[in-house]
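Below, chain A partners chain B and then partners chain C, in two separate complexes.
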Partner chain A sequence: MTLIKKHDATGDAPREFRHQSRDRAGLLCQLEADAPEQRRWAALDLAAFSDAADALCDRLEQETQTPVREAILTSLIQIGGNPVVCGLMPLLRSEDAALRNQVIEALQQLPEAVSPYIERMLADDDADYRIFAINVLANLRHPQAPAWLQDVIERDDNINACAAAVDGLAEIGTPEAIPALTALPERFADDPFMQFCTQTAIRRIQGHGA
Partner chain B sequence: MKKILVIDDAATVRMYYRQVLEAEGFAVEEAGNGYEGLEKALTEAFDLYIVDINMPKMDGYTLLRTIRQEPTICATPAIMISTEGQIQDANAAYAAGANLYFNKPVRPESLITTARLLTGEHRA
Partner chain C sequence: MNAPVPLAITEEEFQKFRDFFYRKTGIHFEENKRYFVDKRLIDRILATNNTSFRNYFVMLRFETSGKELQQLINIMTVNETYFFREEYQFTCLVNSVLNEIVTRKRPSEPIRIWSLPSSSGEEPYSLAIYLLEYWPRVDDYAIELIASDIDTTMLEKARQGRYDQRSVAHLPPPLLRKYFTALYDGSYQINDDLRQSVDFTQVNLSDLAQMRAYRDFDVVFCRNLLIYFDDTSRRIAAETLFNALNPGGFICLGHSESMSRITPLFKVRKFPEAIIYQKPR
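Moving on to the complex of A and B:
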């Protein structure tokens, strides 16, 4: 049987916007191009260069185009490791809520790389930053995540940080967290929400659903 | 019965608002992120949206800006509730289209009063 190649592979290839060479220097130059499509291609191709994390994180902070941001985050997750986590962590302080949430989702996909930094993040002076770190933990596939969340409800004085940790424990908590959850409402005795959410988390951990 | 859509990624928060509001006679629907919230808002009629800021997939600001550009739902009032307590956070909420902004945690009586006010469900 004869196999007939119906289409010329080069003729059908999607039109690409690679005006720079595809070496590291050329891609870094293209990452700053005016056209979003060029920046997007450069971001995707830079996944092959493990030392491009700093440049990608710098670009991410300025980037306003969603497809380019997504390409940068895809490459950063692929590169992984400490430089990526160190480059992403400061972006949790961004005023841009969409960017913060994208960074949270990216960090959740780097459990081993992010784990050495969790305690420092949870000890930050800024309660909002701690809450974002707790948001990372709530969907972090790391065996220590429940223990870190429990630590938050035992030590953090901020009611919203504790509430975020309780919400995380409702999803991933283990029976070891129940004494800490039981004790928590006493620290925020005048807040009915804290009473409600700790009871809900305990019921979920005990397998009684919502 | 007035119908409220609660959009927040924290399940315990959604359940709490539901308990508080249903006890006062409101019907409550939930969404766990901005995309899900937008989808529900476009397919069902609501009298009020209660929206968190920081959510996966679509944040609350983006959601509200999108709602305010949709002719069929742009007039529905919205309360934005977040852990972020800086004045710029409130300003950003109002710029995105919120009618009111609260810091978490919200007292149940505040939630009920404002829900009644914004839905026109006044009681003596």
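Moving on to the complex of A and C:
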């Protein structure tokens, strides 16, 4: 029988990054280190410091390595609160689609902290930015999320923003949204696709209720 | 005689307790678990001679030994498990995964496998049996099997290795005869060789400081735990498991759990027997 029992379950190879100083100043310094693994460990440990949110958001913007980005976002979610949301929102304007998606997912995990900013995000001049805010809403555990999406389809002039909100309502909408959904295709009468989307959403909502 | 103390947990107390317990363990109780939680809380309040939730909760938060918290954890966790549960993953391990892992190993280098959470030990012992029975190269490599859980009662049970009929019901009878001794009370005692081959340790997957000591694993079985976590603690768990794995290491989740919904950190690998996740090399 070659299965062996070791008395140190934890592993042998030395890992210097796991044992470096873990005070705030040291970690902030390691967050800028050359080795991605070192940045990743620093990011994870910074979850213990709620005032590290700004530094983490700054790093996130430059960071190219997925594991480091994920670690930063995990820590930001743990820190939570308004400063984190304020640091993350501008990253929705990034050219980097993968980063935007990661930020959308992180914001979805901060429903209370993100809620005071939703209206401002939905009123932004940039339609793409509004669409990303709508994507956040489509999977946000917040009681007001369906009402915000309904606002979009009643007011937003951009067809893509409305289509994104219809998709969101198909997931989380309640029967109260049905009149607004029924009225929507008229606002975009040239576009037969909108008719199709809203009908699908209405059927989904009615299905939810069943 | 003890007069029964009429005790009830208010909504506010439930919320307080739930937040506290969540921060300690990552386990998230939905509103529909209220009855389950209240009943156990009241049991502990009475068992510690407290008269109200308030007193008990103060004690819980300020005790330095952590003993009462451990008691609570032991009764609040769901420990359901059995031998050869989701066996297709063990088949995948011996038919596909290990053969891939050994291509990167020097002959003297051990293969490290971690069962977390192990509960009462059925999963890590199943792994040991599976390796011995079905992996032809088992004699060519040193294999380290580590098994951990947050629940100290379960770990004690695992070290003892005595199981009831229900636990062993999925084991093929020849294997039951080979590795167990039937006892007079109808239970089964696992043999000493197997007991010696698994190292049981206590670990809280939600505790980054504790988890950072665990590393260099080639395969982690983390099955039927993440279902009790919320999105944020799942994410933290994914990070710490990533840290624990060697590059190219594998992670198996329970059939209703999915890493892709939690994080893009791992690659999805489709083997003939099972879909499992891999840390990029």
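In this section, the second predicted complex is superposed on the first by the 190 of 210 C-alpha atoms of A that agree within 3 Å, B and C clash if a C-alpha of one lies under 4 Å from a C-alpha of the other, contacts with A are read in each partner's own complex, and residues count from 1 in each chain.
The criterion applied here is as follows: contacts are C-beta pairs under 8 Å (C-beta built on N, C-alpha and C of every residue); 3 or more make two chains touch, one makes a residue touch a chain.
From a predicted model like this one, the values you see are computed outputs, not experimental measurements.
Peer 1: Is A:A189 contacted by the first partner chain B, the second partner chain C, both or neither?
Peer 2: Neither chain B nor chain C is touched by A:A189.
Peer 1: Using the touch definition from the top, say if A:T74 reaches chain B (first), chain C (second), both or neither.
Peer 2: In the superposed model, A:T74 contacts chain C only, not chain B.
Peer 1: Quick one: classify A:Q109 as touching chain B (first), chain C (second), both or neither.
Peer 2: Touch status of A:Q109: second partner only.
Peer 1: Based on the superposed arrangement, let me know which partner A:A163 touches: chain B (first), chain C (second), both, or neither?
Peer 2: first
Peer 1: Identify the partner contact of A:A25: answer first if only chain B is touched, second if only chain C is, both if each is, neither if none is.
Peer 2: Neither chain B nor chain C is touched by A:A25.
Peer 1: Between chain B (first) and chain C (second), which, if any, makes contact with A:L44: first, second, both or neither?
Peer 2: Touch partner of A:L44: chain C, not chain B.
Peer 1: Return the residues of chain A at which the contacts from chain B and from chain C coincide.
Peer 2: none
Peer 1: If you look only at chain A, which of its residues touch chain B in the complex?
Peer 2: 95, 97-98, 100-101, 104-105, 127-128, 131-132, 135, 159-160, 163-164, 166-167, 170-171, 191-194, 196-197, 200-201, 210
Peer 1: Going by the contact rule set out above, which residues of chain B touch chain A in the complex?
Peer 2: Per the stated touch rule, the residues are 10-13, 15-16, 19, 53-62, 83-84, 88, 92, 104-108.
Peer 1: Show which residues of chain C lie in contact with chain A when the two form their complex.
Peer 2: Result: residues 110, 112, 128, 131-132, 138-139, 141-146, 148, 193, 196-199, 201, 208, 212-217, 231-232, 235-236, 239, 242-243, 263-265 of chain C touch chain A.
Peer 1: Name, in rising order, each residue of chain A that touches chain C in their complex.
Peer 2: 1-7, 9-13, 15, 18, 44-45, 47, 66-67, 70-71, 74, 77-78, 102, 109
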